[in-house]
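Two complexes follow with chain A in common, the first pairing it with chain B and the second with chain C.
Then we have the complex of A and B:
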């Protein structure tokens, strides 16, 4: 269990929360922290460990959300099936984007990922006959495990926690494994990595496709929890930035970082919005300005990310 | 069988011919120096051999196996390792991590690879730096690190691009004896070198390039006295003396 204790503390606290916290608002925040954290972790697989920075991960999130919602509303199929269909579709989209990463490096790759999410946004918002277009789809709520319908927030805490743990363990495995070392080498210097016999093209594609599939699964879970899929939200660049930001603030290429980053971002955002909710109409947006400034401060003063900061702190003692 | 055969390699960049019909063979266990003034095509030749560049004509074979047309990672897996002229360590990794990545080509177990990496670090004299980040090393140490990383892939053929270039005078003898050690251990080496004192100390044979062509190929003694080589390096005036 060496090196796992910070994660034990973080996930342990989340697991205990439903026993002590009854407030629906706080539990809702916790569930979102876990889901967004898991998404940042999925982003981290490609962006952090393999260095393939994407600002289009909302594409995969949206595919996951839509797959389950459409299968349930159109054909009355289980969201678990939708989850798998979404993951498969996202793997396919991830393979295409991953293939592009071999043609386009750096900023050009980032632009390609944004383009993918925007193309999907247009498809989802215009294909009215199938997706209901820009009106979005209400996800039918049918209680039960097979239909992923839980009215109880505590259950959702544990679903979010389960997803978070899976992603945490995947990342930890990456850190210690042969593949993880090879991905890190690609991230640091792809030519040098190739000169050591690493099949960088294949590995990058695998990392991006895997990351896409994981993001898609989170998209399905999120849609089932929230109960509504809006194309302008699920395929938005804002959301993609959020996934990246969580990992960057928490510490790219660290297993716990995305969850710490998500905690900070989500609580800050929620707290500021609530605090400034009653302010005059002219100042409605002020919470976003403060939010932005605080994030700049974090990046300025903790450039290695929260996970690195926690690690350094633990070492200093 | 010829160990390494370079046959009729031509590589162009637009109108510039960086390598023109370059051919030479290398026997197993040989240490061959590649010399030539700046722009002679030495590094381009290395890029062609290691698969980073595709030549317009010609082919490279290692023990009969064609390397030309393979991607760099596959060339590496055929047993060809290299260092880069402009050093490219994995900056954000530790010294041990860098070498472990190399060792992971042949060993699939991370623990085993790390053990091998540790042994190689001892061999190149970097063991005390194992836990330091690569970006904190001096140039001489980085050269050793690149060498260690390449060695960790357990190559049959090792290509060294200016091992002593940009290194302080005091570190040169250590690097030279390291190269000699590798040669004695049975690795076949191709060594690009600018420092003539270094190349005459390590190589039995030299291939001299000038403007993309081979102008001399033979025993070190003969090539360093070759009129055309002296001309290429120092200009005609010196050769006439």
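Then we have the complex of A and C:
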């Protein structure tokens, strides 16, 4: 259990929240914090631990969201099945992108990931016969476990928490295990890692594909929770940036960082939305201006992120 | 038979459209590739400066009744100033940082600028409609818009001027020297920091001017830059990142794909075509058509 106590506090508080909080708005924020945090953590697996920075992770998120929604509306199949189909498809897409990461580095890789999400966006918004095109798909709500329909927000808190815990443990594993150390070596200096006999190509592809599958699962959960899939949202570059933003602000390559980052940006967003919504709809953009400036400031002054900063501070003492 | 005849008569029109469109894309792409070639930074906020150019044209036209082509002369120093300002405030501190830091710095700048536009001017689509907006010129079986030709002419003039500046002026030579070898240039007494500032500002002027030129042709809204800049990425990777001549040829190729693709498959699918072209290029020859082989794996 060494080093797990901050996570225990954070996730423990989230687990207790439904017992004390009855306010639907606060519970909704908590669920979104958990889901966005889990997505940032999924991004962190490839972007933080393996150093394969992507700005196209919304592609996998969207695949997960669409798979479950389409399977449910077209063939009346369970979203759990959609979740698995989405994860499989995303693994496939992740393998392609992972293969590309062996040929491309730095900005080239980022551009390739953006291109993937944009191609999917165009296909989803134009293929009217299958995806309903740009209008999007309302996800049918059918109560029950098998159909992933829960009206109760507390249940969703525990679903989000379960996903978050799985991601937290995966990341912790990456910090302590041989694979994790190998990925860190690849991230810091790929040529040196390769010369030490690390199978860098295979490991990178695995990290990207795994990260893709995890993002896809979160996409399914999100779509089932929110109840609507809009192609221009689920495949947007903005969403990809959001996943990366949570991990960067919280701390790339730290297990708790993405959840911390997600907590900060989601609360800021909800607070500012609530504050400015009454004054003028256009002012809602203010929170995004703050995001942008925060991103510039964090990568420049605290590149290790908040969790990294706290860790370094604790070590220095 | 009928279809073949139809496509034969369409050829001159397709050619003219390709050249006109390619000329404008070139101006956007040249700025992007110039910044990459010398600073080794991919500017993810490039599209936002295009959007600002379009808004500048819109406001000058609506409030001051200033024609976009008159505004052009004012916009050059304005965007040069904006470029120097963003360089000093944002880019200067990360010029020697890792790729990831640079990428997220420009992404942050992009988000901030986009939403400054959203807050100040709302998300409404706006249009610039000068008198020549609907003037159509017909010549030898082809028809095109007057503002398209004007945009093309100015764009090409601007690009040629930039090429001449880079090739023959002393500053241009200094910039190219910095592009070839940062450290050697610095040892030769070149103030590389000033060169980077200048490069960034010139790149921003190119794309800002392109925005002013595009304003009479396309609707103006806060994320208007995105579609053009995605296209510019395709162009510069196609021509080889950092390669200015490659960017020109890349613009023509992408414009041809767009024009011919829209004609054959319909406009709805044209973006898919150039993204597929992009992915194919990344798979087959990521250094671009003319770039040096292997640059993509070095990440430089």
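As a convention for this text, the second predicted complex is superposed on the first by the 287 of 317 C-alpha atoms of A that agree within 3 Å, B and C clash if a C-alpha of one lies under 4 Å from a C-alpha of the other, contacts with A are read in each partner's own complex, and residues count from 1 in each chain.
Everything that follows uses one rule, which is that a residue touches a chain if its C-beta (ideal position, glycine included) is under 8 Å from a C-beta of that chain, and two chains touch if they have at least 3 such contacts.
Being a predicted model, the structure only gives us computed values, none of them experimental.
Enquirer: Quick check on the superposed pair: does A:165 touch chain B, chain C, both, or neither? Answer first, second, both or neither.
Expert: Touch partners of A:165: none, neither chain B nor chain C.
Enquirer: Which partner does A:195 contact after superposing on A: first (chain B), second (chain C), both, neither?
Expert: Touch status of A:195: first partner only.
Enquirer: Should A:15 be classified as contacting the first partner (chain B), the second (chain C), both, or neither?
Expert: The answer is neither, since A:15 touches no partner chain.
Enquirer: Just to be sure I read the superposition right, which of the two partners does A:154 touch: chain B = first, chain C = second, or both, or neither?
Expert: neither
Enquirer: Given the superposition on chain A, which partner contacts more residues in chain A: chain B or chain C?
Expert: C
Enquirer: With both complexes superposed on chain A, which partner does A:184 reach: first (chain B), second (chain C), both or neither?
Expert: A:184: touches chain B, not chain C.
Enquirer: Once chain A of both complexes is superposed, is A:176 in touch with chain B (first), chain C (second), both, or neither?
Expert: first
Enquirer: In the overlay, answer first, second, both or neither for which of chain B and chain C A:244 touches.
Expert: So A:244 only meets chain C here.
Enquirer: Per the contact definition in the header, classify A:100: touching chain B only (first), chain C only (second), both, or neither.
Expert: Touch partner of A:100: chain C, not chain B.
Enquirer: Would you mind writing out the residues of chain B in touch with chain A in their complex?
Expert: Per the stated touch rule, the residues are 50, 52, 71-74, 76-77, 81-82, 84, 88-93, 97, 100-102, 104-105, 108-110, 113, 149-150, 152-153.
Enquirer: Under the touch definition given earlier, write down the residues of chain C that touch chain A in their complex.
Expert: 36, 42, 90, 93-94, 97, 99-101, 103-105, 107-116, 118-119, 122-123, 226, 230, 233-234, 237, 241, 268-269, 271-272, 275-276, 278-279, 282-283, 286, 296-300
Enquirer: Okay, in this complex, where on chain A does chain B touch?
Expert: 176-178, 181-182, 184-185, 187-189, 191-201
Enquirer: Can you list the chain A residues touching chain C in their complex?
Expert: 51, 53, 55, 100, 103-108, 110-112, 114-116, 118-119, 122-123, 126, 237-238, 241, 244, 248, 282-283, 285-286, 288-289, 291-296, 299-300, 303
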